[in-house]
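What follows is chain A paired twice: with chain B in the first complex and chain C in the second.
This part shows the complex of A and B:
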C-alpha cells in the first residue's frame, strides 16, 4: 500500500511548489513547457512515469485527474499519454507526457498504485490499443465485448463516419470475472433508475451483506469526442458538449469553452463571466434538488421527493426565462455568452431566489429533523479517506470525506474570484455527510446568485474571436454539481480540434462505489450508489441469479425499492 | 408545516397542460422559421447549424438553390437566428411540433440561381445574393467599385478567366513595352 499525501504543501504558493516539483523530479524528465498559465507539461521517458506519479502523489492535495491519450502520428509518428495531476491548493495542473512509438505501445500500469488510473488505463487500452503492463483488469471498459481487438476507434486513421466492423452474429455476452462460486449474485442494471447511463452492477452477497461488487458500464458510449474531432467547428462543439449530460450540461459547455479560450489567450468580458457563474449556480441548485428528491424517494420519504421537485420547478422556470430553455441553456460560445440578463428578468430572478430560499429552508429543516433519513444514512457507505485520495474522488463525495477541494475556489474561473462563498466540508465519509454537503451547498448557491445579480457589471457579452491558433493545448475545468469536470483540448488544423478529452465528475466517482458497497446490506445498495449522484435513468427490472440452481428470478425495480423502503419502516 | 403550505399554496408549478393551452414565456427558444421573402440563400445558417438541420443544396440543372430546414434534427439553439445577415430567420415560441408525418417537419426555400452574364451558365450563388452585393457597393471608392462591378455578374470560372486575361494583357504592356519572360 502506497502512502499518499505525506508531504504537506497546501500552504505554499504556486512558484514555490513549482520549484519544489522541479527539484523532486530532477533527472526523471527530459524537458518541460507551460502551454497555459495553469498547466505545466513535463516530458519523460516511459520508464519514469510510475516514479514521477508516485512522487507527485506524495504532495498533499494532489490527485490524478485524467490520463489523456493522443494519436500524434501526423506530427511525430508517436502516440502520447499525458497524466494530468491536479495541485488543488496552488491552482496548478501538472501534466506528465510520454511518447510511445507505434510499433511498441507498452507502458507500465500505475493502477495498482493510484486507483484513479484504473478506468483511464482501460479506456486508453480500448481506444488506442496501448498495452498497460501489470494492469490486472483486462476487460473492455468502453467498447462492447464483441469489438475486434485490433480496431481502435480513437486512432486518427479510423474514420469517424464509417463503421470498420459489421454486426456479427452470435454476439458474445458479458462474462463476469468474479470468482465467488459460493456466493449469491445479484445483478443490477444495465437499466437502472439511479444511474444516468445504463450501468450493470453485480453484487456478490452473503445473506443480506454485500461482499464484493463488480461493474460494467458504457452501454451508451457514443464517441462524442470523435464526432467533434471529425466534423464540428469550434463554435458548434459547445452545443454537443452541453448534451453530454442531461443534468449538468452547461458545465461541460463552459468547461470546453474555457479550454479553447485558454489556449487561444482570449479574455472574455466581465459581464459574460458573471452570467456564466449565474447559470452554473442555477444548474447546481437544480441538480442538487433533483438528487435530494431521488434520495428521499429511495428511502421511502415521498413527501420530501415531491417538495424538493416542486422547488426545483421554480428554478427550471427561471432558467427558461433567462436562457430560453429549461435545461439545455445553449448560452456558451467561444469568447462569451449569447444571451443577456436584462430588465424584468433580473426582477424575476430575485423573486425566484426569495421563493426558493423560503421553501428550501422548510424542506431543509424537515429533512435534517427526520430521524429515519438520518438513521438510514449515518454510517452507511463509508469511503475511507486514503481510498478517496487514491480514487481521486471529486465534488461532494470528496468533501464528505474531509478533502477540502472545490474547483470554484481552488482553480478559480468565471466570476468566482470576486464572489464570496463557503465550501462545506464533513469528515465522516458516509452517505449522511454527502447529503449534508449537498444540502448546505444549495444555500451557498442561493447566496451566490443574489451576489451575482447585485454585482452584474455592464459591458459587451462576447468578444470577436478571429483565429484559434493551431496546435496549442489547454485544460478547462469547472466545478459541476458532482465535482471537477475537466476538458483537455488540443487545437488542430482547418478550424477543427485535434483532441478533446472529457472527464466528467462521475468518471472519478463511480469506481469507488465498489468500495463503498462492501460490508453493507443489500437494502442499502440503492442509496449508497445514489449517493455519488450518477444521474437519473429509468429502469425496468433487476435480474437475480441463484448460483446453486442456476435459476433466474426477475425482480422488478419496485420490489427492490420496496425492500429499501421496508427497512425504513422497520427503523422508524 | 401548516403555515408553510398556506404560504406556498399560491406558488403552483404544475399545469393541466394537455387539457388547457400552455403559454410559454416569450423568451423561449422555439421553432425557427425562415421568411422566404427575405432569405437570400447565402447559407450562413447552414454553416452555423450544429446538427446540420439546415442544409443548402444547389441544383444546377434546374437553376435553384434550396435552403432546407428539417425540424426533426433541430436542437433549438438559435444559432441560425444569430448569424442570419438578413434577419430572415425568426425564433418563435412555438414548441408543439409533434406530427404523424415526417414531411410536416421539412420546410424549403427555393431561390433562383444567378446566370453568368458571360457564359450563360448557372453560378453557385443566387440572384438575390447578387442584388444584395450590388447594394453593398455604395460605400466603396469609385475605381474599386467599377472593378468589382465588372466581375459581379460573372460565374467563378469566368471571373478567373477574365482576371487572368487582364493580368496577362497588363503584363504584356508593361512600362518597357516588352513581353514578360515568365508568361504569368
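This part shows the complex of A and C:
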C-alpha cells in the first residue's frame, strides 16, 4: 500500500506551499492558471497524472476530493478530466487537468494507488466513456447493468430522448465481483430495515464473521446535474440543488451558490453570510440528531431513538420559525439570501437553543453512560488512518480517525472565520469515535447558533448580480453534516452553466465501508454501515425513465406542475 | 368428582386468563416504553388489534412443507395448555400434575422448535437468528439448571402446586438461599422472554426477525401469540412464587378458601402488571447485546442461582 502524507506541510502558508508544489511538479505539467483565489489548475499530459497525484498525496493534509470529467468538445474538441486535490491546511484546491481526444479516451487508473479515485473513475467511465487502464472493478457504478456500453449520457451530444434499450428483452443480472463459493452470502438491502434509501450490500460470511463485502448502489441515480446544465438559469439551480437531499439540502444550495459567487467574484453582504451559517448549523444539528436516533434504533435502543428525534423536532420548529419551512428552506440565491431572519424571531430562537441544549445534555449523558451502547460500538468498524486518507473520507468519519479536517475552518466560508468553535477529533477510528464526534459537534453547533444570533449584522440580504462571466470555473465547498460537500461549476454561454459536478460527502465515505465491515460480525454490519451516515439521495442524483419504453426524459416545469395538479385533484 | 370438576374449571379459567392477559401485558409493555420515550404510545389493546390483523391476512410461505405449516399451531397449542399450569396457591390447574422441569423444558421445546424452523428455512437471516437463539439457549441452560435444582433442593419438591404453596411459608421464604433463588427466577423470566438487551435472535434491525422472518399472516400471528404466552408463563413463575405465594399464606387465615382462590388470582394479576411495568422500564434503558457480548453476563448471572443452590444445601 502506498504511504501518504510523508512530507509535513501543515504549518506552512499558502504561498509557500504553492511554490513547493510548483517545484515538486516541475517538468510534469505544461501550464497552470488560477481561476479563483483558492483554486489552481495545472495542465498536464495524461502520462504524468499518476505521478502528479502520487506526489501531491505525499504532502500532509491533502486528499483527492473529486475527479471532474467534462465534455469540452465545443471549446477544444476534447474531453477533460480534472483531479481536484484539497490542501486542507492552506485553504487551497489544486486541480490537475488532462485532455483526452475523442478518438483516444484512455488514461491510466490511479484507483490502485488512491482509493478515492475508485468510484470517480467508474462514474466517468459510465458517463463519458473514458477508459481507465488498470481499473480492476469495471462494473457500472451509476448506470444500471442493462445500460448499453456505448451510451454515455453526460456527453453533450447525447440526446435527452434517446431510447436506451428494450426492457422486454430481459434485464441482465447483477454480477457480483466476489467469488466466495465456500461462504454464505447475506444480502443487505436494497430493502432492509436499516436502509432508508436503497443500497445493496453483499456480505460474505463465515458463521457470523464477515469475510468480504461488496456494494451496489445508485439504484436511484437521477443525474440531476444534466437538468441544470444548459436548461436552468444560475438562480434556478440553488432550488434544485437544495432538493438533492432531504436532510442536508441547504449545504448543497450553499455550496453551489458559493461556487458561482467565487467564479464571478461576487462578495455577498455580511448579513447574508451570517444567515447562511445560521441555517447550516441548524441543519447540522438536525442531521446529527437524526443520525443519533437511527444509530440507537439499529442497536435496539429505541428510547435513545425517540428522545433524539423529540429534540430534533425543536430544531425543525426553530428552522420553521426562522425560514417558514421545516426543511428545504429555499433561502439561497447567487449573491446572498432571499429572505431575512426577522428580529422578533431571534428571542424565540435563543429560547429554543437553550431548551435544546438542556434536553440534549440529558440525552448525551444517557448515551455515553450506557455501557452496552459503548460495548457495541467500541473497537467496531475500525478504519485505519492510512486507509482513511487513501479513500479521502471526510467529516465525522475522517475526524474519528484522527484527521483534523473541517471545511468550516480549513476552507472557511460564510461567517465561520468570525466565529469561534472547536473541531472534535478522535483517533480510534471505530464506530464509537464517529459517534462521539457527532455527539460533540451538536454542542459546538449550538454554541455557533448563539454566537450568530448575538452578532447578526444588519444591512442588505443580497447584492445585485448581473450576467455571470462565461467560461469561468470554481469550486464551492461546505462542511455538510457528513463532511465536505464540494460543487464544481463551470460557466457556459447565455447565462447557463456548462458543467456542474456535485460530490456529496457520502460519495467519499461509503466506499471504505467495505474495509470497515471485514472481520466484524454480522450483528455489527448495520451499525458499521450506518456509522458513515450514508446519504444516498446526495450520492445519487436523478433522472426520469419511462418503464414501458425504456426511454428517458427530463420533466419540464409545466409537466411537473400538471402532474402535481392531477395528483392533488385525485387526493381531493 | 367435585374436585375434578373444580380443577377442570380452574384449567379453563387459567387458559382463558392466559389467552387474554398475555396480549394485554404486551400492550402494557408497549405503553410503558412509550411513556419513557415520551410518546403517547399505542392503546393497551393494540396487541389484540395486531393479532386480529395478522389472523385476517393471507399467509405467504416460502415453500409448502407440512412441518412448517403445522409448527405454529403446535407452538400455540402447547403454550396455551401450559398456561393452565401456572403455579398458584389455592388455584389448582394443571400445576397439580406438572413439575418445574416439565414446565421449563416444555417452554424450551417451543424455543427449540422455532430454532429448528429457522434453520430449515432457506433464508440466511432466519438461519443467523436461529443460530443466535440456539447459542443463547445453550449458554443459559446452566442458569436454568441451577435455578431448578436450587429450588427443588430448598423446597424439597418439584411439583408446581407444591412449590406455589411451600414457597410462601415463612420458614422457606425467609431463608437467604430463597433470596438468591427468587432473584434468579426474576432474571430467568426476563432473559428467557428475550426482552432487550437479550433479543439477539429476533433483532429486527440486524436479522429482520430471525426465525420468524418468513412467516406471515395467521402463521406469524400464531407464533406471535405463542411468544406472548411464553412470556406470560415465564413471568408468572417469579410473580406467583415470590410475590403471590407469601401473601396467599398470610391471607388464608382471614379469607375462606373458595373466595381465597379468587383473591389470589386478583393479586396474581395485579403483580403481573407491576412486574411487567418494572421489566418494561429495564427494557427501555438498554440497547441490544451482540450475541458474543451476551455470553459473559449470561454466564456470570449463573453465579446467583449457584449461590442459592449452595446455601440451600448448607441449610441457610
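Worth pointing out:
Note that the second predicted complex is superposed on the first by the 518 of 572 C-alpha atoms of A that agree within 3 Å, B and C clash if a C-alpha of one lies under 4 Å from a C-alpha of the other, contacts with A are read in each partner's own complex, and residues count from 1 in each chain.
Going forward, a residue touches a chain if its C-beta (ideal position, glycine included) is under 8 Å from a C-beta of that chain, and two chains touch if they have at least 3 such contacts.
Everything numeric in this text was worked out from a predicted model, so none of it was measured.
Contacts of A:18 after superposition: neither chain B nor chain C is touched. Contacts of A:302 after superposition on the shared chain: chain C is touched, whereas chain B is not.
When both complexes are overlaid on chain A, the residue A:373 reaches chain C alone and has no touch with chain B. In the superposed model, A:355 lies in contact with chain B only, and not with chain C. By the document's definition of touching, of the two partners only chain B reaches A:236; chain C does not. Between chain B and chain C, more residues of chain A are touched by C.
Applying the stated contact rule after C-alpha superposition, one finds that A:338 touches chain B and leaves chain C untouched. Of the two partner chains placed by the overlay, only chain B lies in contact with A:328; chain C stays clear of it. With both structures placed on the common chain, the touch criterion links A:314 to chain B but leaves chain C unconnected. In the superposition on chain A, the residues of chain A contacting both chain B and chain C are 310.
Those residues of chain A whose C-beta lies close enough to touch chain C in the complex are 184-187, 192-194, 205, 207-208, 296-307, 310, 370, 372-373, 375-376, 521-526.
Those residues of chain C whose C-beta lies close enough to touch chain A in the complex are 33, 36-39, 124-125, 127-128, 131-132, 196-197, 199-200, 203-208, 284-293. Against chain B, the residues of chain A that register as touching in their complex are 232, 235-236, 239-240, 243, 310, 313-314, 317, 320-325, 328, 330, 338, 345, 355, 358-359, 362, 366.
The touching residues of chain B, when paired with chain A in their complex, are 1, 4, 7-8, 11, 13-14, 24-25, 27-29, 48, 50-51, 75-79, 82, 91.
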